[in-house]
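Per-chain residue numbering starts at 1, and chain names A, B, C, D, E and F are given in the order in which the chains are listed.
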Amino acid sequence: MIAHSFQGAVFGPAQRMHGATYVVDLELRREALDADGIVVDIGLATQVLRETLAVLNFQNLDEMPEFKGRNTTTEFLARVIFDHIAVRIAAGALGAQALPTAQSAGLRQMKVTLHESHVAWASYEGPLPV
Amino acid sequence: MIAHSFQGAVFGPAQRMHGATYVVDLELRREALDADGIVVDIGLATQVLRETLAVLNFQNLDEMPEFKGRNTTTEFLARVIFDHIAVRIAAGALGAQALPTAQSAGLRQMKVTLHESHVAWASYEGPLPV
Amino acid sequence: MIAHSFQGAVFGPAQRMHGATYVVDLELRREALDADGIVVDIGLATQVLRETLAVLNFQNLDEMPEFKGRNTTTEFLARVIFDHIAVRIAAGALGAQALPTAQSAGLRQMKVTLHESHVAWASYEGPLPV
Amino acid sequence: MIAHSFQGAVFGPAQRMHGATYVVDLELRREALDADGIVVDIGLATQVLRETLAVLNFQNLDEMPEFKGRNTTTEFLARVIFDHIAVRIAAGALGAQALPTAQSAGLRQMKVTLHESHVAWASYEGPLPV
Amino acid sequence: MIAHSFQGAVFGPAQRMHGATYVVDLELRREALDADGIVVDIGLATQVLRETLAVLNFQNLDEMPEFKGRNTTTEFLARVIFDHIAVRIAAGALGAQALPTAQSAGLRQMKVTLHESHVAWASYEGPLPV
Amino acid sequence: MIAHSFQGAVFGPAQRMHGATYVVDLELRREALDADGIVVDIGLATQVLRETLAVLNFQNLDEMPEFKGRNTTTEFLARVIFDHIAVRIAAGALGAQALPTAQSAGLRQMKVTLHESHVAWASYEGPLPV
């Protein structure tokens, strides 16, 4: 649940300070299941997602230094969250079996979707860096 | 899509400037259908709902004089929207057949629900004043 | 999935032949659970609902004699379905334990909701005749 | 996410050991908002709901002594959860402003809904004891 | 909300005149955000989608010359809508920054989904012609 | 609606006997519609999906010989269902026009998704063997 404003005539009334609730989905893909028969430890994945969102939740994004001069649109935020989680995965936050590798084992692909209402959403997807 | 902040320790981090997307449902009830076989002209009802929400959309509610000193919680806003629409109905904005009357004809009951995410919502419901 | 057209200026372009998909929910209420610990046998209830809808499904409602001269609006159809099912319940189609009676046992209240899209729906609710 | 089996021919194949995921909604009603402009502290309400569900989650309900000889149907469980939460509310778990009283202040009504799939659900609702 | 009938034994009762409500989702993809930090101007995209659907809404598709001799199935209509919107995009209806080009800038991929109920849907997706 | 338990510390309380409701979506893709203007006969597809799920429904998966020594996780079951249906398609259960072939005609790709709640799901997708 964040507040922000946008710069640019294309945004019309959204140039004013306003806000949004984002419901965020995280999707992880791999070619074969790990030794436990799972794609990922859903408990760890939920924790990493929560920790990533906690930095943004209940904030006025206009005042966060890392977003200075940027329009924090839904699609922009999808990429921000993707990059944060990719770093955590590479650091082992989802466990050793989830580590992306050049071989086929491990997580290979990730998608982050931000639903801003029942009709509008944006997502960013791409390979996990190995 | 509004921005606001709350006063009171109970709100924790929501005391900071943040925001929300509300998806708003309007429900109207009557005892018998009108002469056209409908509860209400859904085109007019949609227009009245849109006009009511347009006053709030893309606003920082903390800066609106009518909300000074109030916590613009989801449940509070449900009542605000209910009252606005009730006035419009009484003024005939949904047509003559929708006018609440002491007799059984006309709209009798209304419910306004604000969904702030896929899990949290609040509503206000009550009789339409005749 | 039905086709129909409406009579009356209030319907605008819906005066032309058009159609709709209805997703129909059936809700049954009683004060206390029956001897098996249930409100109703959900298998029987589903069957009665399916049989009721089968009469309407894939029809042009304008050509059905029982709807002659009526606007088969969503709210009108909710009542039609309510009445059909109420008759079936009274005839024992949901089993002896579901029979509405003057005493507190048995089903007491029913609600039929027709969802015509993700935003528009209508329902009819009322007591089950004893 | 629970496992259980049912006794009674009416349950057909559900007489075998099987399971269900329940998504549980809690709805609280009062006549007027409290001094903070809310129905209830949603943080406390979420915590009480989680603690109540934690007792049931990942259990084989057939092995829980309190359910011996009972069919733990969805509608039965809705009542069980309602009663647990009502006791917690009366004990002050939702704060002093939420206490049901004979006067109009405080929470007055509660509804617990268990969704067992996208089409089937059951709920129990009633007044909160004062 | 359209009416139509189908030719072919595979359609069973859907060979009769019937109808459907379609909820239509439009998804646009590009490799990098434009200068404003967006995938597309959602206001323009909504307008182009509305204008495209307005041609079909409240129509008996059996009577539209362009569909003569075709089964206007959900999957067929997804393609029809895709093609209409692709032409509009190429004509600049979503703005200069959205124009698909041989270079990586601009919209690259589109998906049109028609939901005909809570369980059935069809979509067409493909590259946007450059 | 199945019961099962998991082996492995990663599963925490899910190592106990518990259960789940799965809502299963089946998605089929081809490059061009068949002679009737459809991707697949949705009646046949629904029947094949139902028959496949009937083998699993209301079962304790721990007791099914084919799953001995396996964790019947959501993602594992998605693959099981995918493989069952792929065999049925190859055997002609969806009709001759649906048969995957080396040429572009016929079904080419399938995706099976198991929703275990409103927030958690898993899917398996891949080409249909020709």
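Before moving on, here are some points about what is shown:
Basically, contacts are C-beta pairs under 8 Å (C-beta built on N, C-alpha and C of every residue); 3 or more make two chains touch, one makes a residue touch a chain.
Bear in mind the structure is a predicted one, so any value in this text is a computation, not a measurement.
A centroid comparison over C-alpha atoms places A as the chain most distant from subunit C. Residue numbering shows that subunit C and subunit E use the same positions for more than half of their mutual interface. In terms of the distance between Cα centroids, subunit D is separated most widely from E. Once the centre of each chain is set as its mean CA position, subunit A and subunit E turn out to be 28 Å apart.
Measuring from the averaged C-alpha position of subunit C to that of subunit F gives a distance of 33 Å.
Put simply, the C-alpha centre of subunit D and that of subunit E have 43 angstrom between them.
Counting only residues that touch two or more partner chains, subunit F has 118.
Subunit D meets subunit C in the complex at residues 8, 10-12, 70-73, 75-76, 79, 120, 122. On the side of subunit F, the complex with subunit D involves touching residues 1-4, 13-14, 16-23, 57-60, 115-118. Those residues of subunit C that touch subunit D in the shared complex are 33, 36-39, 41-43, 95.
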